[in-house]
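Multiple structures are listed underneath, in C-alpha coordinates.
In the two complexes below, chain A is the common chain; its partner is chain B in one and chain C in the other.
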Partner chain A sequence: MIWIYAVGERPDLPLPAIAGLGGTVLESIPHGPLLAVASRHARSGFAPEADALWAHEQVVEAVMDQRAVVPMRFGTRVGDDAAAHAVLDAEREHLLEVLERVRGRVEFALRARRPSPAPAGSGRDHVRTLLGEARAAAALHDPLAAVAVEARRSDVRRAGELLRAAYLVDACDVAHFRRSVRLLEREHSDVALVCTGPWPAYSFVNV
Partner chain B sequence: MSADDVALVDLLDRLLAGGVVLGGDVRISLADVDLLDLRLRLLLRGVT
Partner chain C sequence: MTRQPQDKLLVRPPDLDAFGPSRRIDTDAGNAERGLAQLVLTIIELLRQLLERQAIRRVESGALDDETIERLGRALMALEQRMEELKRTFGLSDEDLNLDLGPLGRLL
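Moving on to the complex of A and B:
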(Lines of atoms letter the chains of each structure in order from A and count residues from 1; the text may use other names and numbers.)
(Lines give C-alpha, C1' and ligand atoms only; values in the text may rest on other atoms or scores of the structure.)
Protein backbone atom coordinates (compact mmCIF):
# COMPACT_ATOMS: atom_id res chain seq x y z
CA MET A 1 0.00 0.00 0.00
CA ILE A 2 1.22 3.50 -0.76
CA TRP A 3 0.09 6.13 1.74
CA ILE A 4 -0.25 9.65 0.33
CA TYR A 5 0.24 12.64 2.65
CA ALA A 6 0.01 15.50 0.21
CA VAL A 7 0.37 16.52 -3.39
CA GLY A 8 2.72 19.39 -4.03
CA GLU A 9 4.46 21.36 -6.73
CA ARG A 10 8.19 21.49 -7.48
CA PRO A 11 8.98 17.77 -7.89
CA ASP A 12 12.60 18.92 -8.42
CA LEU A 13 12.99 19.93 -4.74
CA PRO A 14 14.17 17.22 -2.34
CA LEU A 15 11.71 16.07 0.34
CA PRO A 16 12.16 17.22 3.94
CA ALA A 17 14.28 14.95 6.14
CA ILE A 18 11.41 13.64 8.21
CA ALA A 19 10.03 10.12 8.77
CA GLY A 20 6.58 9.04 7.60
CA LEU A 21 4.00 6.90 9.40
CA GLY A 22 5.54 4.05 11.37
CA GLY A 23 9.02 5.56 10.92
CA THR A 24 9.10 4.86 7.18
CA VAL A 25 11.14 6.79 4.65
CA LEU A 26 9.25 9.42 2.68
CA GLU A 27 9.13 9.02 -1.06
CA SER A 28 8.40 11.36 -3.88
CA ILE A 29 6.21 10.17 -6.74
CA PRO A 30 6.74 12.81 -9.43
CA HIS A 31 4.06 13.26 -12.06
CA GLY A 32 4.54 16.14 -14.51
CA PRO A 33 4.53 19.41 -12.52
CA LEU A 34 3.20 17.58 -9.45
CA LEU A 35 4.54 15.19 -6.86
CA ALA A 36 2.82 12.95 -4.38
CA VAL A 37 4.52 12.74 -0.99
CA ALA A 38 4.14 9.13 0.02
CA SER A 39 5.42 6.16 2.01
CA ARG A 40 5.21 2.41 1.35
CA HIS A 41 3.73 -0.06 3.81
CA ALA A 42 3.09 -3.79 3.95
CA ARG A 43 -0.09 -3.21 6.02
CA SER A 44 -3.38 -2.07 4.50
CA GLY A 45 -3.87 1.14 6.50
CA PHE A 46 -3.50 3.09 9.75
CA ALA A 47 -6.21 3.71 12.31
CA PRO A 48 -6.90 7.38 13.03
CA GLU A 49 -5.16 7.41 16.42
CA ALA A 50 -3.53 10.54 17.79
CA ASP A 51 0.06 9.42 17.06
CA ALA A 52 -0.71 8.50 13.44
CA LEU A 53 -2.70 11.71 12.90
CA TRP A 54 0.17 13.84 14.21
CA ALA A 55 2.71 11.89 12.13
CA HIS A 56 0.66 12.53 8.97
CA GLU A 57 0.28 16.18 9.93
CA GLN A 58 4.00 16.66 10.59
CA VAL A 59 4.85 15.40 7.12
CA VAL A 60 2.34 17.74 5.47
CA GLU A 61 3.61 20.71 7.51
CA ALA A 62 7.25 19.96 6.67
CA VAL A 63 6.43 19.79 2.96
CA MET A 64 4.31 22.94 3.26
CA ASP A 65 7.39 24.80 4.56
CA GLN A 66 9.08 24.14 1.21
CA ARG A 67 6.34 24.57 -1.38
CA ALA A 68 2.62 24.84 -2.01
CA VAL A 69 0.78 21.65 -1.00
CA VAL A 70 -2.65 20.13 -1.21
CA PRO A 71 -3.09 18.07 1.96
CA MET A 72 -4.76 14.68 1.58
CA ARG A 73 -7.44 13.44 3.93
CA PHE A 74 -6.04 10.99 6.49
CA GLY A 75 -6.45 7.51 5.04
CA THR A 76 -5.74 8.40 1.41
CA ARG A 77 -3.84 5.49 -0.11
CA VAL A 78 -3.40 3.58 -3.35
CA GLY A 79 -2.35 0.04 -4.17
CA ASP A 80 0.79 0.65 -6.21
CA ASP A 81 2.76 3.16 -8.31
CA ALA A 82 0.53 2.67 -11.35
CA ALA A 83 -2.53 3.55 -9.26
CA ALA A 84 -0.74 6.61 -7.84
CA HIS A 85 0.06 7.88 -11.35
CA ALA A 86 -3.48 7.12 -12.49
CA VAL A 87 -5.11 9.26 -9.75
CA LEU A 88 -2.57 12.07 -10.23
CA ASP A 89 -3.36 12.02 -13.92
CA ALA A 90 -7.11 11.97 -13.41
CA GLU A 91 -7.01 14.82 -10.83
CA ARG A 92 -4.20 16.81 -12.42
CA GLU A 93 -6.20 19.90 -13.41
CA HIS A 94 -8.09 20.01 -10.14
CA LEU A 95 -4.88 19.66 -8.09
CA LEU A 96 -3.11 22.39 -10.07
CA GLU A 97 -6.08 24.68 -9.55
CA VAL A 98 -6.14 24.04 -5.80
CA LEU A 99 -2.36 24.57 -5.53
CA GLU A 100 -2.87 27.95 -7.15
CA ARG A 101 -5.53 28.82 -4.57
CA VAL A 102 -3.56 27.81 -1.47
CA ARG A 103 -0.06 28.94 -2.50
CA GLY A 104 1.40 31.26 0.14
CA ARG A 105 -1.65 30.82 2.36
CA VAL A 106 -2.35 29.02 5.62
CA GLU A 107 -5.43 27.98 7.49
CA PHE A 108 -6.54 28.98 10.97
CA ALA A 109 -9.24 27.19 12.97
CA LEU A 110 -11.52 29.01 15.35
CA ARG A 111 -14.02 27.71 17.88
CA ALA A 112 -16.07 30.00 20.08
CA ARG A 113 -18.05 28.81 23.07
CA ARG A 114 -20.12 30.39 25.80
CA PRO A 115 -18.85 28.85 29.04
CA SER A 116 -22.35 29.10 30.57
CA PRO A 117 -25.07 28.72 27.94
CA ALA A 118 -28.40 30.40 28.69
CA PRO A 119 -30.85 28.02 30.41
CA ALA A 120 -33.75 26.76 28.31
CA GLY A 121 -36.88 28.89 28.77
CA SER A 122 -40.12 29.43 26.87
CA GLY A 123 -40.38 29.06 23.11
CA ARG A 124 -40.09 32.80 22.69
CA ASP A 125 -37.00 32.92 24.92
CA HIS A 126 -35.53 30.12 22.88
CA VAL A 127 -36.01 32.01 19.62
CA ARG A 128 -34.53 35.13 21.21
CA THR A 129 -31.54 33.10 22.41
CA LEU A 130 -30.98 31.62 18.95
CA LEU A 131 -31.12 35.06 17.34
CA GLY A 132 -28.71 36.40 19.94
CA GLU A 133 -26.31 33.55 19.30
CA ALA A 134 -26.45 34.03 15.54
CA ARG A 135 -25.59 37.70 16.06
CA ALA A 136 -22.78 36.85 18.47
CA ALA A 137 -21.35 34.32 16.00
CA ALA A 138 -21.46 36.87 13.17
CA ALA A 139 -19.78 39.49 15.39
CA LEU A 140 -16.86 37.08 15.82
CA HIS A 141 -16.77 35.64 12.33
CA ASP A 142 -17.19 38.73 10.13
CA PRO A 143 -14.08 40.69 11.24
CA LEU A 144 -11.90 37.58 10.81
CA ALA A 145 -13.43 36.72 7.44
CA ALA A 146 -12.55 40.26 6.36
CA VAL A 147 -8.84 39.60 7.02
CA ALA A 148 -8.96 36.15 5.36
CA VAL A 149 -8.96 35.36 1.65
CA GLU A 150 -11.68 32.76 2.20
CA ALA A 151 -13.68 31.70 5.24
CA ARG A 152 -15.86 28.69 5.97
CA ARG A 153 -18.23 28.08 8.82
CA SER A 154 -19.22 24.58 9.79
CA ASP A 155 -22.08 23.41 12.00
CA VAL A 156 -21.59 23.91 15.72
CA ARG A 157 -21.49 20.57 17.50
CA ARG A 158 -21.77 21.17 21.22
CA ALA A 159 -24.02 22.93 23.67
CA GLY A 160 -22.88 26.52 24.08
CA GLU A 161 -20.75 26.44 20.94
CA LEU A 162 -21.34 29.61 18.95
CA LEU A 163 -18.97 29.26 16.07
CA ARG A 164 -16.76 26.71 14.37
CA ALA A 165 -14.93 28.17 11.38
CA ALA A 166 -11.83 28.00 9.22
CA TYR A 167 -9.99 30.92 7.63
CA LEU A 168 -7.59 30.87 4.71
CA VAL A 169 -5.07 33.63 5.36
CA ASP A 170 -2.28 35.08 3.21
CA ALA A 171 1.10 34.51 4.86
CA CYS A 172 1.63 38.29 4.97
CA ASP A 173 -1.66 38.74 6.88
CA VAL A 174 -1.02 36.16 9.61
CA ALA A 175 0.07 38.76 12.19
CA HIS A 176 -2.97 40.89 11.34
CA PHE A 177 -5.25 37.86 11.72
CA ARG A 178 -3.77 36.98 15.12
CA ARG A 179 -4.16 40.57 16.30
CA SER A 180 -7.80 40.47 15.21
CA VAL A 181 -8.36 37.30 17.26
CA ARG A 182 -6.79 38.90 20.36
CA LEU A 183 -8.94 41.97 19.87
CA LEU A 184 -12.10 39.85 19.68
CA GLU A 185 -11.02 38.02 22.85
CA ARG A 186 -10.88 41.34 24.68
CA GLU A 187 -14.15 42.63 23.20
CA HIS A 188 -16.08 39.41 23.90
CA SER A 189 -14.91 38.44 27.36
CA ASP A 190 -18.05 36.30 27.87
CA VAL A 191 -16.95 33.96 25.08
CA ALA A 192 -14.12 31.42 25.13
CA LEU A 193 -12.22 31.56 21.84
CA VAL A 194 -9.87 28.82 20.71
CA CYS A 195 -7.77 29.60 17.66
CA THR A 196 -5.23 27.11 16.31
CA GLY A 197 -2.94 27.25 13.32
CA PRO A 198 -1.31 27.80 10.99
CA TRP A 199 -2.55 24.56 9.42
CA PRO A 200 -2.20 23.35 5.84
CA ALA A 201 -5.35 24.41 3.97
CA TYR A 202 -7.36 21.23 4.73
CA SER A 203 -10.69 23.06 4.77
CA PHE A 204 -10.19 24.87 1.47
CA VAL A 205 -9.09 22.16 -0.94
CA ASN A 206 -12.50 20.69 -1.70
CA VAL A 207 -14.39 23.05 -3.98
CA MET B 1 -6.87 20.46 28.30
CA SER B 2 -3.26 20.97 27.24
CA ALA B 3 -2.41 22.94 24.11
CA ASP B 4 -1.84 19.64 22.27
CA ASP B 5 -5.25 18.29 23.28
CA VAL B 6 -6.94 21.50 22.17
CA ALA B 7 -5.15 21.27 18.83
CA LEU B 8 -6.14 17.60 18.52
CA VAL B 9 -9.81 18.61 18.25
CA ASP B 10 -8.96 20.84 15.29
CA LEU B 11 -6.60 18.21 13.89
CA LEU B 12 -9.47 15.67 13.78
CA ASP B 13 -11.70 18.19 12.02
CA ARG B 14 -9.03 18.79 9.41
CA LEU B 15 -7.46 15.41 8.74
CA LEU B 16 -10.67 13.39 8.85
CA ALA B 17 -13.22 15.80 7.37
CA GLY B 18 -10.99 18.04 5.23
CA GLY B 19 -8.24 17.40 2.72
CA VAL B 20 -8.52 15.95 -0.75
CA VAL B 21 -9.49 12.34 -1.25
CA LEU B 22 -7.60 10.77 -4.12
CA GLY B 23 -8.72 7.51 -5.56
CA GLY B 24 -11.83 7.23 -3.41
CA ASP B 25 -10.26 4.74 -1.01
CA VAL B 26 -10.80 6.58 2.27
CA ARG B 27 -13.08 4.68 4.57
CA ILE B 28 -13.52 7.35 7.21
CA SER B 29 -16.92 8.98 7.34
CA LEU B 30 -18.21 12.04 9.16
CA ALA B 31 -19.88 9.69 11.64
CA ASP B 32 -16.40 8.36 12.49
CA VAL B 33 -15.19 11.91 13.07
CA ASP B 34 -17.99 12.52 15.58
CA LEU B 35 -17.21 9.22 17.24
CA LEU B 36 -13.51 10.09 17.49
CA ASP B 37 -14.39 13.52 18.78
CA LEU B 38 -16.54 11.94 21.47
CA ARG B 39 -13.86 9.40 22.36
CA LEU B 40 -11.32 12.18 22.59
CA ARG B 41 -13.50 14.16 24.97
CA LEU B 42 -14.04 11.12 27.18
CA LEU B 43 -10.30 10.50 27.14
CA LEU B 44 -9.55 14.07 28.14
CA ARG B 45 -11.98 13.83 31.04
CA GLY B 46 -10.35 10.58 32.08
CA VAL B 47 -13.61 8.64 31.70
CA THR B 48 -12.27 5.74 29.65
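Moving on to the complex of A and C:
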Protein backbone atom coordinates (compact mmCIF):
# COMPACT_ATOMS: atom_id res chain seq x y z
CA MET A 1 0.00 0.00 0.00
CA ILE A 2 1.21 3.51 -0.78
CA TRP A 3 0.13 6.15 1.73
CA ILE A 4 -0.29 9.66 0.30
CA TYR A 5 0.33 12.73 2.48
CA ALA A 6 0.01 15.52 -0.02
CA VAL A 7 0.26 16.51 -3.64
CA GLY A 8 2.60 19.39 -4.27
CA GLU A 9 4.38 21.40 -6.93
CA ARG A 10 8.11 21.53 -7.70
CA PRO A 11 8.99 17.83 -8.03
CA ASP A 12 12.59 19.02 -8.50
CA LEU A 13 12.91 20.10 -4.84
CA PRO A 14 14.17 17.48 -2.37
CA LEU A 15 11.69 16.19 0.23
CA PRO A 16 11.95 17.44 3.82
CA ALA A 17 14.07 15.37 6.21
CA ILE A 18 11.20 13.91 8.21
CA ALA A 19 9.97 10.34 8.69
CA GLY A 20 6.61 9.08 7.47
CA LEU A 21 4.07 6.95 9.35
CA GLY A 22 5.66 4.14 11.33
CA GLY A 23 9.11 5.72 10.84
CA THR A 24 9.17 4.97 7.11
CA VAL A 25 11.20 6.94 4.57
CA LEU A 26 9.26 9.48 2.55
CA GLU A 27 9.34 9.19 -1.18
CA SER A 28 8.39 11.36 -4.06
CA ILE A 29 6.17 10.18 -6.91
CA PRO A 30 6.77 12.83 -9.58
CA HIS A 31 4.22 13.30 -12.33
CA GLY A 32 4.72 16.21 -14.73
CA PRO A 33 4.63 19.48 -12.75
CA LEU A 34 3.24 17.64 -9.69
CA LEU A 35 4.50 15.22 -7.11
CA ALA A 36 2.79 13.01 -4.57
CA VAL A 37 4.54 12.72 -1.21
CA ALA A 38 4.16 9.12 -0.12
CA SER A 39 5.44 6.21 1.95
CA ARG A 40 5.26 2.46 1.29
CA HIS A 41 3.79 -0.02 3.77
CA ALA A 42 3.18 -3.76 3.90
CA ARG A 43 0.03 -3.24 6.01
CA SER A 44 -3.28 -2.11 4.53
CA GLY A 45 -3.78 1.07 6.59
CA PHE A 46 -3.43 2.96 9.86
CA ALA A 47 -6.13 3.61 12.45
CA PRO A 48 -6.93 7.31 12.95
CA GLU A 49 -5.25 7.54 16.36
CA ALA A 50 -3.62 10.63 17.82
CA ASP A 51 0.01 9.66 17.12
CA ALA A 52 -0.64 8.55 13.55
CA LEU A 53 -2.79 11.62 12.79
CA TRP A 54 -0.07 13.89 14.12
CA ALA A 55 2.65 12.08 12.14
CA HIS A 56 0.62 12.51 8.95
CA GLU A 57 0.04 16.18 9.76
CA GLN A 58 3.76 16.78 10.47
CA VAL A 59 4.71 15.46 7.04
CA VAL A 60 2.10 17.62 5.28
CA GLU A 61 3.32 20.71 7.17
CA ALA A 62 6.99 20.01 6.45
CA VAL A 63 6.23 19.77 2.74
CA MET A 64 4.06 22.88 2.99
CA ASP A 65 7.03 24.80 4.42
CA GLN A 66 8.79 24.24 1.07
CA ARG A 67 6.05 24.66 -1.52
CA ALA A 68 2.32 24.90 -2.17
CA VAL A 69 0.52 21.66 -1.30
CA VAL A 70 -2.86 20.05 -1.64
CA PRO A 71 -3.10 18.20 1.70
CA MET A 72 -4.63 14.72 1.61
CA ARG A 73 -6.94 13.66 4.39
CA PHE A 74 -5.63 10.99 6.75
CA GLY A 75 -6.34 7.60 5.20
CA THR A 76 -5.66 8.52 1.56
CA ARG A 77 -3.84 5.61 -0.05
CA VAL A 78 -3.43 3.75 -3.33
CA GLY A 79 -2.50 0.18 -4.20
CA ASP A 80 0.63 0.78 -6.29
CA ASP A 81 2.64 3.29 -8.35
CA ALA A 82 0.43 2.82 -11.41
CA ALA A 83 -2.65 3.78 -9.39
CA ALA A 84 -0.87 6.87 -8.00
CA HIS A 85 0.11 8.03 -11.51
CA ALA A 86 -3.41 7.37 -12.78
CA VAL A 87 -4.92 9.63 -10.11
CA LEU A 88 -2.33 12.39 -10.68
CA ASP A 89 -3.02 12.20 -14.38
CA ALA A 90 -6.81 12.24 -14.13
CA GLU A 91 -6.85 15.05 -11.53
CA ARG A 92 -3.97 17.08 -12.98
CA GLU A 93 -5.91 20.21 -13.97
CA HIS A 94 -7.96 20.24 -10.80
CA LEU A 95 -4.87 19.80 -8.60
CA LEU A 96 -2.98 22.59 -10.38
CA GLU A 97 -5.98 24.88 -9.91
CA VAL A 98 -6.25 24.08 -6.20
CA LEU A 99 -2.50 24.65 -5.71
CA GLU A 100 -2.95 28.20 -7.03
CA ARG A 101 -5.89 28.80 -4.73
CA VAL A 102 -4.18 27.62 -1.52
CA ARG A 103 -0.66 28.94 -2.23
CA GLY A 104 0.62 30.96 0.73
CA ARG A 105 -2.60 30.38 2.66
CA VAL A 106 -3.50 28.42 5.77
CA GLU A 107 -6.69 27.16 7.33
CA PHE A 108 -8.17 27.92 10.73
CA ALA A 109 -11.04 25.93 12.20
CA LEU A 110 -13.62 27.39 14.55
CA ARG A 111 -16.33 25.85 16.65
CA ALA A 112 -18.68 27.72 18.95
CA ARG A 113 -21.05 26.36 21.58
CA ARG A 114 -23.63 27.97 23.79
CA PRO A 115 -25.88 26.15 26.27
CA SER A 116 -29.28 25.43 24.69
CA PRO A 117 -32.03 27.62 26.19
CA ALA A 118 -35.00 26.18 28.09
CA PRO A 119 -37.74 24.77 25.83
CA ALA A 120 -39.98 27.51 24.47
CA GLY A 121 -43.62 27.88 25.53
CA SER A 122 -44.98 28.81 22.13
CA GLY A 123 -44.14 28.25 18.49
CA ARG A 124 -43.30 31.93 18.22
CA ASP A 125 -40.84 31.75 21.13
CA HIS A 126 -39.21 28.71 19.57
CA VAL A 127 -38.73 30.52 16.27
CA ARG A 128 -37.31 33.49 18.20
CA THR A 129 -34.76 31.18 19.87
CA LEU A 130 -33.72 29.73 16.51
CA LEU A 131 -33.40 33.20 15.00
CA GLY A 132 -31.29 34.28 17.97
CA GLU A 133 -28.95 31.33 17.40
CA ALA A 134 -28.66 32.08 13.68
CA ARG A 135 -27.77 35.71 14.45
CA ALA A 136 -25.27 34.75 17.16
CA ALA A 137 -23.57 32.44 14.66
CA ALA A 138 -23.43 35.18 12.04
CA ALA A 139 -21.99 37.63 14.58
CA LEU A 140 -19.05 35.24 15.04
CA HIS A 141 -18.68 34.09 11.46
CA ASP A 142 -19.00 37.33 9.48
CA PRO A 143 -16.05 39.25 11.01
CA LEU A 144 -13.76 36.24 10.53
CA ALA A 145 -14.97 35.58 7.00
CA ALA A 146 -14.13 39.22 6.25
CA VAL A 147 -10.46 38.60 7.16
CA ALA A 148 -10.34 35.28 5.27
CA VAL A 149 -9.97 34.77 1.53
CA GLU A 150 -12.59 32.06 1.66
CA ALA A 151 -14.82 30.67 4.42
CA ARG A 152 -16.93 27.54 4.75
CA ARG A 153 -19.66 26.91 7.28
CA SER A 154 -20.78 23.42 8.05
CA ASP A 155 -24.50 22.90 7.58
CA VAL A 156 -24.64 20.43 10.41
CA ARG A 157 -24.63 21.28 14.08
CA ARG A 158 -24.82 19.22 17.19
CA ALA A 159 -27.09 20.23 20.07
CA GLY A 160 -25.78 23.42 21.68
CA GLU A 161 -23.43 24.10 18.79
CA LEU A 162 -23.78 27.54 17.23
CA LEU A 163 -21.16 27.41 14.55
CA ARG A 164 -18.69 25.10 12.89
CA ALA A 165 -16.59 26.77 10.21
CA ALA A 166 -13.24 26.84 8.42
CA TYR A 167 -11.37 29.90 7.14
CA LEU A 168 -8.71 30.12 4.45
CA VAL A 169 -6.35 32.92 5.46
CA ASP A 170 -3.48 34.59 3.62
CA ALA A 171 -0.17 34.15 5.46
CA CYS A 172 0.09 37.95 5.78
CA ASP A 173 -3.34 38.11 7.48
CA VAL A 174 -2.74 35.39 10.07
CA ALA A 175 -1.91 37.85 12.88
CA HIS A 176 -5.01 39.87 12.01
CA PHE A 177 -7.13 36.71 12.06
CA ARG A 178 -5.77 35.67 15.47
CA ARG A 179 -6.54 39.12 16.88
CA SER A 180 -10.07 38.93 15.49
CA VAL A 181 -10.67 35.56 17.17
CA ARG A 182 -9.41 36.83 20.53
CA LEU A 183 -11.60 39.91 20.22
CA LEU A 184 -14.66 37.74 19.51
CA GLU A 185 -13.81 35.58 22.50
CA ARG A 186 -13.86 38.68 24.73
CA GLU A 187 -16.99 40.17 23.16
CA HIS A 188 -19.02 36.96 23.35
CA SER A 189 -18.35 35.71 26.86
CA ASP A 190 -21.55 33.60 26.81
CA VAL A 191 -20.10 31.48 23.97
CA ALA A 192 -17.42 28.79 24.30
CA LEU A 193 -15.05 29.11 21.34
CA VAL A 194 -12.44 26.67 20.10
CA CYS A 195 -10.18 27.86 17.34
CA THR A 196 -7.35 25.73 15.96
CA GLY A 197 -4.69 26.30 13.34
CA PRO A 198 -2.85 27.13 11.28
CA TRP A 199 -3.57 23.96 9.27
CA PRO A 200 -2.96 23.00 5.66
CA ALA A 201 -6.09 23.91 3.68
CA TYR A 202 -7.84 20.54 4.19
CA SER A 203 -11.36 22.03 3.99
CA PHE A 204 -10.73 23.99 0.79
CA VAL A 205 -9.25 21.45 -1.58
CA ASN A 206 -12.23 19.19 -2.46
CA VAL A 207 -10.20 16.10 -3.22
CA MET B 1 11.58 24.12 16.27
CA THR B 2 9.34 21.19 17.18
CA ARG B 3 5.64 21.57 16.75
CA GLN B 4 3.23 20.07 19.25
CA PRO B 5 -0.49 19.33 18.86
CA GLN B 6 -1.34 21.80 21.64
CA ASP B 7 0.33 24.61 19.64
CA LYS B 8 -2.64 24.36 17.30
CA LEU B 9 -5.07 25.56 19.94
CA LEU B 10 -5.48 29.28 19.46
CA VAL B 11 -8.37 29.80 21.85
CA ARG B 12 -10.21 27.30 24.02
CA PRO B 13 -12.80 27.31 26.80
CA PRO B 14 -11.95 25.84 30.25
CA ASP B 15 -14.06 22.79 29.38
CA LEU B 16 -13.01 21.20 26.09
CA ASP B 17 -14.96 17.95 26.57
CA ALA B 18 -18.16 19.31 25.04
CA PHE B 19 -16.25 19.69 21.77
CA GLY B 20 -15.17 16.04 21.69
CA PRO B 21 -15.63 13.94 18.57
CA SER B 22 -18.70 11.86 17.76
CA ARG B 23 -18.52 8.18 18.43
CA ARG B 24 -17.91 6.13 15.31
CA ILE B 25 -20.75 4.09 13.85
CA ASP B 26 -20.74 0.72 15.55
CA THR B 27 -20.27 -1.97 12.92
CA ASP B 28 -19.61 -5.01 15.14
CA ALA B 29 -21.78 -7.90 13.95
CA GLY B 30 -23.50 -8.21 17.34
CA ASN B 31 -24.34 -4.51 17.31
CA ALA B 32 -25.48 -4.30 13.70
CA GLU B 33 -28.99 -3.32 14.74
CA ARG B 34 -27.76 -0.48 16.90
CA GLY B 35 -25.39 0.64 14.14
CA LEU B 36 -28.29 0.75 11.69
CA ALA B 37 -30.45 2.77 14.10
CA GLN B 38 -27.50 5.15 14.54
CA LEU B 39 -27.20 5.61 10.79
CA VAL B 40 -30.93 6.09 10.18
CA LEU B 41 -31.30 8.55 13.06
CA THR B 42 -28.29 10.49 11.82
CA ILE B 43 -29.94 10.90 8.45
CA ILE B 44 -33.26 11.95 10.03
CA GLU B 45 -31.39 14.49 12.17
CA LEU B 46 -29.64 15.92 9.09
CA LEU B 47 -33.02 16.35 7.40
CA ARG B 48 -34.49 17.94 10.52
CA GLN B 49 -31.69 20.50 10.61
CA LEU B 50 -32.18 21.20 6.92
CA LEU B 51 -35.91 21.86 7.47
CA GLU B 52 -35.11 24.10 10.42
CA ARG B 53 -32.69 26.20 8.38
CA GLN B 54 -35.17 26.62 5.56
CA ALA B 55 -37.88 27.66 8.00
CA ILE B 56 -35.59 30.26 9.59
CA ARG B 57 -34.75 31.66 6.17
CA ARG B 58 -38.46 32.05 5.40
CA VAL B 59 -39.07 33.81 8.71
CA GLU B 60 -36.10 36.12 8.14
CA SER B 61 -37.39 37.06 4.70
CA GLY B 62 -40.32 38.66 6.54
CA ALA B 63 -42.90 37.08 4.26
CA LEU B 64 -44.73 35.10 6.96
CA ASP B 65 -47.62 36.33 9.10
CA ASP B 66 -47.81 35.76 12.87
CA GLU B 67 -50.11 32.78 12.65
CA THR B 68 -47.88 30.98 10.15
CA ILE B 69 -44.79 31.65 12.30
CA GLU B 70 -46.59 30.21 15.34
CA ARG B 71 -47.56 27.06 13.39
CA LEU B 72 -44.07 26.70 11.95
CA GLY B 73 -42.54 27.08 15.42
CA ARG B 74 -44.86 24.42 16.84
CA ALA B 75 -44.05 22.03 13.98
CA LEU B 76 -40.29 22.50 14.54
CA MET B 77 -40.68 21.96 18.28
CA ALA B 78 -42.65 18.77 17.64
CA LEU B 79 -39.93 17.50 15.28
CA GLU B 80 -37.26 18.20 17.87
CA GLN B 81 -39.27 16.37 20.55
CA ARG B 82 -39.89 13.41 18.27
CA MET B 83 -36.16 13.19 17.56
CA GLU B 84 -35.44 13.13 21.31
CA GLU B 85 -37.97 10.31 21.74
CA LEU B 86 -36.39 8.29 18.93
CA LYS B 87 -32.94 8.72 20.47
CA ARG B 88 -34.29 7.54 23.83
CA THR B 89 -36.05 4.56 22.23
CA PHE B 90 -32.82 3.40 20.63
CA GLY B 91 -30.66 4.34 23.61
CA LEU B 92 -28.58 6.77 21.56
CA SER B 93 -27.14 10.06 22.72
CA ASP B 94 -26.30 13.12 20.68
CA GLU B 95 -22.68 12.00 20.43
CA ASP B 96 -23.81 8.71 18.88
CA LEU B 97 -25.25 10.49 15.88
CA ASN B 98 -22.36 10.47 13.52
CA LEU B 99 -22.55 14.04 12.28
CA ASP B 100 -18.80 14.35 12.30
CA LEU B 101 -16.63 11.58 10.89
CA GLY B 102 -13.60 13.09 12.60
CA PRO B 103 -10.35 12.87 10.66
CA LEU B 104 -12.10 11.05 7.85
CA GLY B 105 -14.30 13.97 6.94
CA ARG B 106 -17.87 14.99 7.42
CA LEU B 107 -21.16 13.54 6.40
CA LEU B 108 -22.50 16.76 4.89
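Before moving on, here are some points about what is shown:
Quick note on the criterion: the second predicted complex is superposed on the first by the 195 of 207 C-alpha atoms of A that agree within 3 Å, B and C clash if a C-alpha of one lies under 4 Å from a C-alpha of the other, contacts with A are read in each partner's own complex, and residues count from 1 in each chain.
The rule we apply is simple: a contact is a pair of C-beta atoms (placed from the backbone, for glycine too) under 8 Å apart; a residue touches a chain by one contact, two chains touch by 3 or more.
The model shown is predicted, which means the values in this text are computed figures rather than measured ones.
By the touch criterion defined above, A:Ser122 reaches chain C but does not reach chain B.
By the touch criterion defined above, A:Leu193 lies against chain C but remains apart from chain B after alignment on the C-alpha atoms of chain A.
Once chain A of one complex is fitted onto chain A of the other, the partner contacts of A:Thr24 are absent, as it touches neither chain B nor chain C.
In the superposition on chain A, A:Arg182 makes contact with chain C only, not with chain B.
Of the two partner chains placed around the shared chain by superposition, chain B is the only one that A:Val87 touches, whereas chain C remains out of contact. By the touch criterion stated above, A:Gln66 is placed in contact with neither chain B nor chain C. Looking at the shared chain after the overlay, A:Asn206 reaches chain B, while chain C stays out of its contact range. On chain A, the surface touched by chain B in one complex and the surface touched by chain C in the other have residues 48, 50, 53-54, 73-75, 111, 154, 157, 194, 196-197, 199 in common. On the chain B side of its complex with chain A, the touching residues are 6-23, 25-28, 32, 34, 36-37.
Chain A meets chain B in the complex at residues 4, 7, 45, 48, 50, 53-54, 56-57, 70-78, 83, 87-88, 91, 95, 98, 107, 109, 111, 154, 157, 164, 166, 194, 196-197, 199-200, 202-203, 205-206. Within the complex formed with chain A, the chain C residues making contact are 3, 5, 8-13, 15-16, 18-19, 22, 46, 49-50, 52-53, 55-56, 59-60, 66, 69-77, 94-95, 97, 99-100, 102-108. Partner chain C is touched in their complex by these residues of chain A: 48, 50, 53-54, 58, 61, 73-75, 108, 111, 113, 119-120, 122-127, 130-131, 134, 154-160, 178, 181-182, 185, 192-199.
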